[in-house]
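One structure, as structure tokens, below. Some questions next.
Here the chain labels run A, B, C, D, E, F, G and H in written order, and each chain numbers its own residues starting at 1.
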Amino acid sequence: MSPDRALDELAELPYADLGFAKLDLHREIRNGLPEAIYAEGKRSEDLSAIVARMLEAHGRVLVTRVRPEMAAALSAIHPDGAHHERARIWTLGQGAPIAGPPIAVVAAGTSDLPVAEEAAVCLAWFGHEVERGYDVGIAGLHRLLGRLPALRRAGVVVAVAGMDGALPTVVASLVASPVVAVPTSVGYGASFSGLAALLTMLNGCAPGVGVVNIDNGYGAAVLASRIARLGRPAG
Amino acid sequence: MSPDRALDELAELPYADLGFAKLDLHREIRNGLPEAIYAEGKRSEDLSAIVARMLEAHGRVLVTRVRPEMAAALSAIHPDGAHHERARIWTLGQGAPIAGPPIAVVAAGTSDLPVAEEAAVCLAWFGHEVERGYDVGIAGLHRLLGRLPALRRAGVVVAVAGMDGALPTVVASLVASPVVAVPTSVGYGASFSGLAALLTMLNGCAPGVGVVNIDNGYGAAVLASRIARLGRPAG
Amino acid sequence: MSPDRALDELAELPYADLGFAKLDLHREIRNGLPEAIYAEGKRSEDLSAIVARMLEAHGRVLVTRVRPEMAAALSAIHPDGAHHERARIWTLGQGAPIAGPPIAVVAAGTSDLPVAEEAAVCLAWFGHEVERGYDVGIAGLHRLLGRLPALRRAGVVVAVAGMDGALPTVVASLVASPVVAVPTSVGYGASFSGLAALLTMLNGCAPGVGVVNIDNGYGAAVLASRIARLGRPAG
Amino acid sequence: MSPDRALDELAELPYADLGFAKLDLHREIRNGLPEAIYAEGKRSEDLSAIVARMLEAHGRVLVTRVRPEMAAALSAIHPDGAHHERARIWTLGQGAPIAGPPIAVVAAGTSDLPVAEEAAVCLAWFGHEVERGYDVGIAGLHRLLGRLPALRRAGVVVAVAGMDGALPTVVASLVASPVVAVPTSVGYGASFSGLAALLTMLNGCAPGVGVVNIDNGYGAAVLASRIARLGRPAG
Amino acid sequence: MSPDRALDELAELPYADLGFAKLDLHREIRNGLPEAIYAEGKRSEDLSAIVARMLEAHGRVLVTRVRPEMAAALSAIHPDGAHHERARIWTLGQGAPIAGPPIAVVAAGTSDLPVAEEAAVCLAWFGHEVERGYDVGIAGLHRLLGRLPALRRAGVVVAVAGMDGALPTVVASLVASPVVAVPTSVGYGASFSGLAALLTMLNGCAPGVGVVNIDNGYGAAVLASRIARLGRPAG
Amino acid sequence: MSPDRALDELAELPYADLGFAKLDLHREIRNGLPEAIYAEGKRSEDLSAIVARMLEAHGRVLVTRVRPEMAAALSAIHPDGAHHERARIWTLGQGAPIAGPPIAVVAAGTSDLPVAEEAAVCLAWFGHEVERGYDVGIAGLHRLLGRLPALRRAGVVVAVAGMDGALPTVVASLVASPVVAVPTSVGYGASFSGLAALLTMLNGCAPGVGVVNIDNGYGAAVLASRIARLGRPAG
Amino acid sequence: MSPDRALDELAELPYADLGFAKLDLHREIRNGLPEAIYAEGKRSEDLSAIVARMLEAHGRVLVTRVRPEMAAALSAIHPDGAHHERARIWTLGQGAPIAGPPIAVVAAGTSDLPVAEEAAVCLAWFGHEVERGYDVGIAGLHRLLGRLPALRRAGVVVAVAGMDGALPTVVASLVASPVVAVPTSVGYGASFSGLAALLTMLNGCAPGVGVVNIDNGYGAAVLASRIARLGRPAG
Amino acid sequence: MSPDRALDELAELPYADLGFAKLDLHREIRNGLPEAIYAEGKRSEDLSAIVARMLEAHGRVLVTRVRPEMAAALSAIHPDGAHHERARIWTLGQGAPIAGPPIAVVAAGTSDLPVAEEAAVCLAWFGHEVERGYDVGIAGLHRLLGRLPALRRAGVVVAVAGMDGALPTVVASLVASPVVAVPTSVGYGASFSGLAALLTMLNGCAPGVGVVNIDNGYGAAVLASRIARLGRPAG
């Protein structure tokens, strides 16, 4: 079989071509989770069309970074949909329950909540048990230490922080599980839209931390879900 | 019990104070892995003293970023030690085999090998089964695809790349396991000592990737090990 | 002839001086393509005057980065004009058909479409055959591979990407034609308004890629057009 | 045919696995040019082995970024090899002559010569006619203008500059051919190892310029070669 | 006592859990000053609830970065509250007078006033005597020198500057007290939102200066207050 | 005389203290030009008070970065004032004519006009003869060369450019006078709000150029004026 | 008295002009501490001359950033001098004992010791009681907590850290004294020569921290000394 | 006359083509000063050839950034040449005295001397009277003020500073002449090789300052010379 032929074969994997977008209907088989829809920058009618096509294929859908009016438009068409306001997420249907360890989501400050909630809502929708612990920044260590039993029970910890970028480092030094760190763009002055938190998290001395992009609660949830699923028989 | 008293108690956790350094002898209990020794910038006699004290406490030790002459000096004192030259690591003893899934370590180019080997040698020493796949950058996709069966067998993939920072993204789009991405400082021009690779890895569109610091093969190994141990009964 | 005299001669090349702007009427002879008008930041009456003068000289005009209300104002004066909304372009008239190879324009995500369309509309106006392929980012490789036959037919490929900056590298590794890479400012977190995509494109390991400025669809089109015209007898 | 099977097929493209490296023997068919060897960071014995394998497969080889002692070692084994000292290149054999237009290589200052020569030697080895024009920075416009006839004859212009980053812009405004711009890391003060030249080249107002990575003479040559080959019948 | 038990004890320090926030009621005992409320990004009802809880615990409260409508809403509930408009602060109650040295607050330009006032109002509320000296940038040295007697009387000087980042250096060279430097994001061009001022302050040659985050008038006040309290018997 | 006494004397130079601002009434004697008023960020009533006080002291005033409504408010109080709209300047009165050489102000693109006009209007108000030459970027060299006689007559050239940052370099290579370079924040993509133009100007190879801050037309005018006054007897 | 006269007076403050350097003999009176000598980049004979002149004026001297051979040369001339090797300091004589509170110097890692020792040796020479606590990074919180009693006794804490930039934040949340933070350039990967630590320290959420320049142990000591002297009667 | 013909004429300006370099023999007529030779990165034999050709054309030559061994080699051939060691300059012959005002060169610290001397030696060679004032940083204002009479006599002031970047601002606020600011790469920590000084100089509030590239003493001298020559009749 010639190389060009091999590439041709590969090119025939299933996707739905909507013209302006190509939906990856095969992703769940390949990666374990169906494709999510990133709403930001999408036109209302395009978003509706994508949602409809995903529902047709999978019977459920998760839309991230959805603005309130977009969520309202979607709920008008699909009354069973749920709008998770603080998380800026709209969902319909639910992932199959996964028999893995619980996942802890901790956030340093109240302004980090939208990103933390994005992660938590995604994780719940993926079928994980989620333990939230908010406002536990290291400027008041005892608040974090108060969450320690829950953190130690978790199979993975997602740690979200903007100003207080050292939170994942401190968590990773206190638990034995992997830690997924999410810098947020919250902050002022020399925080440079999350760059300071990102660098703090990359340079922290306690190993066991993997960092995702600034404000990327969804990405953190996918990574944490992939990790937690290792705890199940079929891996 | 007063807060000051609680802090006092916490302060009594065991560590060995060598004057110039405090060895965290309790880390294995807390985090599942004993403390490793980072050799860079340490004076020869200090390094020897630390190694001796760690051996006394744990019966094994792993030293990273060790220069050849340092390794030779350590091996002169401890003839059972092993110098992993390309990985710049010196070890004595071995972790008990960990009954988890295999871990794949892939690297984009031949100049990324020292960092990839740092990760691979650490993982083997921690007790994991390691699958290496080197020179599989995306400028020759078929080289990577040739490793796909091994990647899909792995519980975690560590993907190391300098110039070719998109490697972890492509890997994460082809497997269902978590991917630990390690940018390397290899490159020239606008690579800015690994910054370009780091940004590429953080911005890649396929979720499921956690990034560690530039050139941090050891950190990647600890994270991958924490993840892989989830695959065992006791978590 | 004295140097000062030579400079004086050079200074007498034809341009139209509108006071606030000097139109380079000679550009088509010198560079093969007439000057385009960049609308952003221009006052409405100034833009109208420039368009009128260009039409007088060349009988056709292309205006980029035109806001809807500006386009409407131009169309009110020149009813034959066309507003390409997604591309933010207004044109009147058409370039002569050029008998060169087709040019492919591919984009990684749906939010990269405005920049990709800017390139595609310009190329069509310059007289090239354009093949569009959108939403083909490397997080779903088979979507890109599905476009491979079209990419291999093209004389030049314009590859547009924001979050998924590795697209041009992968394309350049699969085809033998030159690739024009356009980073876009689409993205969040550590994308830094397109800087991450720009660095990814500059550092990609597959040679054969030339990068233009972030979001510069027009510049990509001019470069691609200059390349494609090499395929014609008179060069 | 299942997707996994398609990927398996693709994975069977030919490459030579040397253990520490995988040579892409199929690249010439796919991309029109054989793989070059980047010597920097490679160990002497590894380099020799790769060169031997490439010669076996293709009968010719081009090694870039070769240090004098490496070149001497290669020439000792292969007496027919040629060391292009200023270009830091070692070659053996020659590409087939390509009946395309000449390619001009211009450089702004004498310190930009190594990068310009890297491009020029590669282009000659690829089979192109090369026109060199050095020390033609825009601080003495008449030196550049003295090269104008040669620049206008060329099918492509490669413009190399460090301190004088505006050179490609000025060239692109004077010719109708595509311009490949190469920033160099030459300079001091606020040149930031080529970043200033890179930004100047990306922001220049004359369209028709594609930029490659800082100091990447080889990459510029591959891009220019891909462009120039469009001038031939078989494209 | 086991380490885990020690951590448990520490975790029992008092805080008030409002669900979305955890108030650190113990901070005054530990750090000498009660926790302040940072209003930015907080929802109106959350802010009211936090203020109410803090008043219950301490009988006084200080809210920073308060927008006019937020301040009005708070004053409607607590008519005794005071809105310090230029400082963007709302306070209720007052700290006990602190028998330490006066604190001088100087600002370089009129646009630096909001940050300077934030520091000054906080300091006054903490119980310190404050000496203001505004518009004393080094472009008119005699204006600063006119404040010299007041600066020399002060126990600490807080120096606030945006464009004129050298102010703290000049102050530190003229007095014997510690200087707290606050860069502001005021400026245009290459000021990069305060980064230029920050770097100027860090690199100034006169020692005796400690820098806080850009625009962080509150942080400057806390640091200055901690310093000034050293002047009292109980330290 | 003691040092403290010397500082006291220096501190007694005349300035007008308005509380929120200190006007440097002595600046004309010390620096040759009276203080200008920077309107941005000043409250309307404060601006009026400062203007009134300056008029009282000097009989004339120049206000920069004035918004239309601010200018209207000032003109309502002082009907003799003039609003230079494009330059965002409001003036009353006029500087004494200075018998120096003419000053040329050139700008690369039409979007650089506001900054160029700020410089030109200031220079005229300072009493200089001004020669404007706009839209003369190096992408159409002959447009610039058409201005060469005027540039060579000038005692100083102010060169303003955003995208086309090489303009001052080219000018400096063609004339013997000093060149004042002003980068502007105009541009898109990798222009980074003027940083690219700034770096281009600092790194240009033709010496004889002094750079001022991004968008700082006023600063360029003061520098050019100080230079041109050297041409007069009393210097 | 005219302004020019006032400036003349000020200009007559005493300094010793060595031609290549001007020694500020008056600094102790003005700032409370004599000028220190920064050895880096100074020629050996110049350094000797400066040391001799300072000894003549003050009877004691402190030289920072002294290389071993420079220290040996100074000790050969002045046998009473002391070389503090790890701190890279050479001193002769001693500051007057100061009856203030003790100062704690803590460092996160063993590689931060040179900077921490620079601060500690300077402080001791200035006459302060110094408490050292090294290797107390937050990746092993109990090591820091073990130092808590000493930290709480101190009037000021100097906290030095490279990779572990959150150390000053954690310290500031546990004590009531001012904290002087010193980022170090120790680290690899995305530490960017101390920039990451600097940003971490500026953004930390616990107020009460003032930051000095990267690696600036001397500057930290001067600031801490100015603060601690507030604890004495004469201020 | 056709445009192409005009460009041809311009291209015939005289220069000497040495193959590896093109000497601009016409520069003195066009720009008032002959071309200087930048030695860095040039091979010894190339440098000798260029020097010989320049001497033939002009009878005098100035070489900057010359290393001691290069200078020795040049002096061996041309015994009349002079090596200015600290300035890293080699000269032969001398410019005609220029009857303009004196030029002051001031430097903040002793480590800024090489750059300051580069400027001063060039200026002297160009025929200007030079007034040096070194070690006058603003951390000891009286040292600078002691130079005030000399600064006020000068027609131009060149102000050189690394750590103490505010020096040009303070100078510009005290004199009426133009100030040429030269940032130096001297410094440590957050000085970022002169970037901090550069930003400080660009943002300083006292207008009348033009900045040249970091460490560019030669460029400062050319700019200052162009300015000072305005003071002569023929301008």
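Note that a residue touches a chain if its C-beta (ideal position, glycine included) is under 8 Å from a C-beta of that chain, and two chains touch if they have at least 3 such contacts.
Just so it is clear, the model here is predicted, and its values are computed rather than measured.
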**Message:** Just to be sure I understand: going only through chains that touch, what's the smallest number of steps from chain A to chain F?
**Reply:** 2
**Prompt:** Which one, E-H, B-G or F-H, has the same contacts as A-C for more than half of its contact pairs?
**Reply:** B-G
**Asked** If you list every residue number at the chain B and chain G contact, are more than half found on both copies (same) or fewer than half (different)?
**Response** different
**Prompt:** What's the chain with its C-alpha centre farthest out from chain B?
**Reply:** F
**Asked** How many Å are there between the centre of chain C and the centre of chain F, using C-alpha atoms for each centre?
**Response** 36
**Item:** Centroid spacing, where centroids are CA-atom means, of chain B and chain C in whole angstrom
**Value:** 45
**Item:** Mean-CA-position distance for chain D and chain C (Å)
**Value:** 25
**Message:** Touching at least two other chains at once: which residues of chain F meet that condition?
**Reply:** 3, 7, 10, 12-13, 26, 30, 139-142, 172-174, 189-191, 195, 198, 202-203, 206, 213-214
**Prompt:** Of all residues in chain E, which touch chain H in the complex?
**Reply:** 108-109, 137-141, 163-166, 169-170, 172-174, 187, 189-192, 195-197, 199-200, 202-206
**Request:** Note which residues of chain A are touching chain B in the complex, please.
**Result:** 3, 30-32, 101, 142, 155-156, 172-178, 180-181, 198, 202-203, 206-214, 218-219, 222-223, 226-231, 235
**Prompt:** Contact residues on chain E for chain A in the complex?
**Reply:** 7-8, 10-13, 15, 20-22, 24, 26-27, 40-42, 46, 183, 185, 194-195, 198, 213-216
**Message:** Quick check on the complex: what are the chain C residues that touch chain A?
**Reply:** 110-111, 113, 134-136, 140-143, 145-149, 174, 186, 188-191
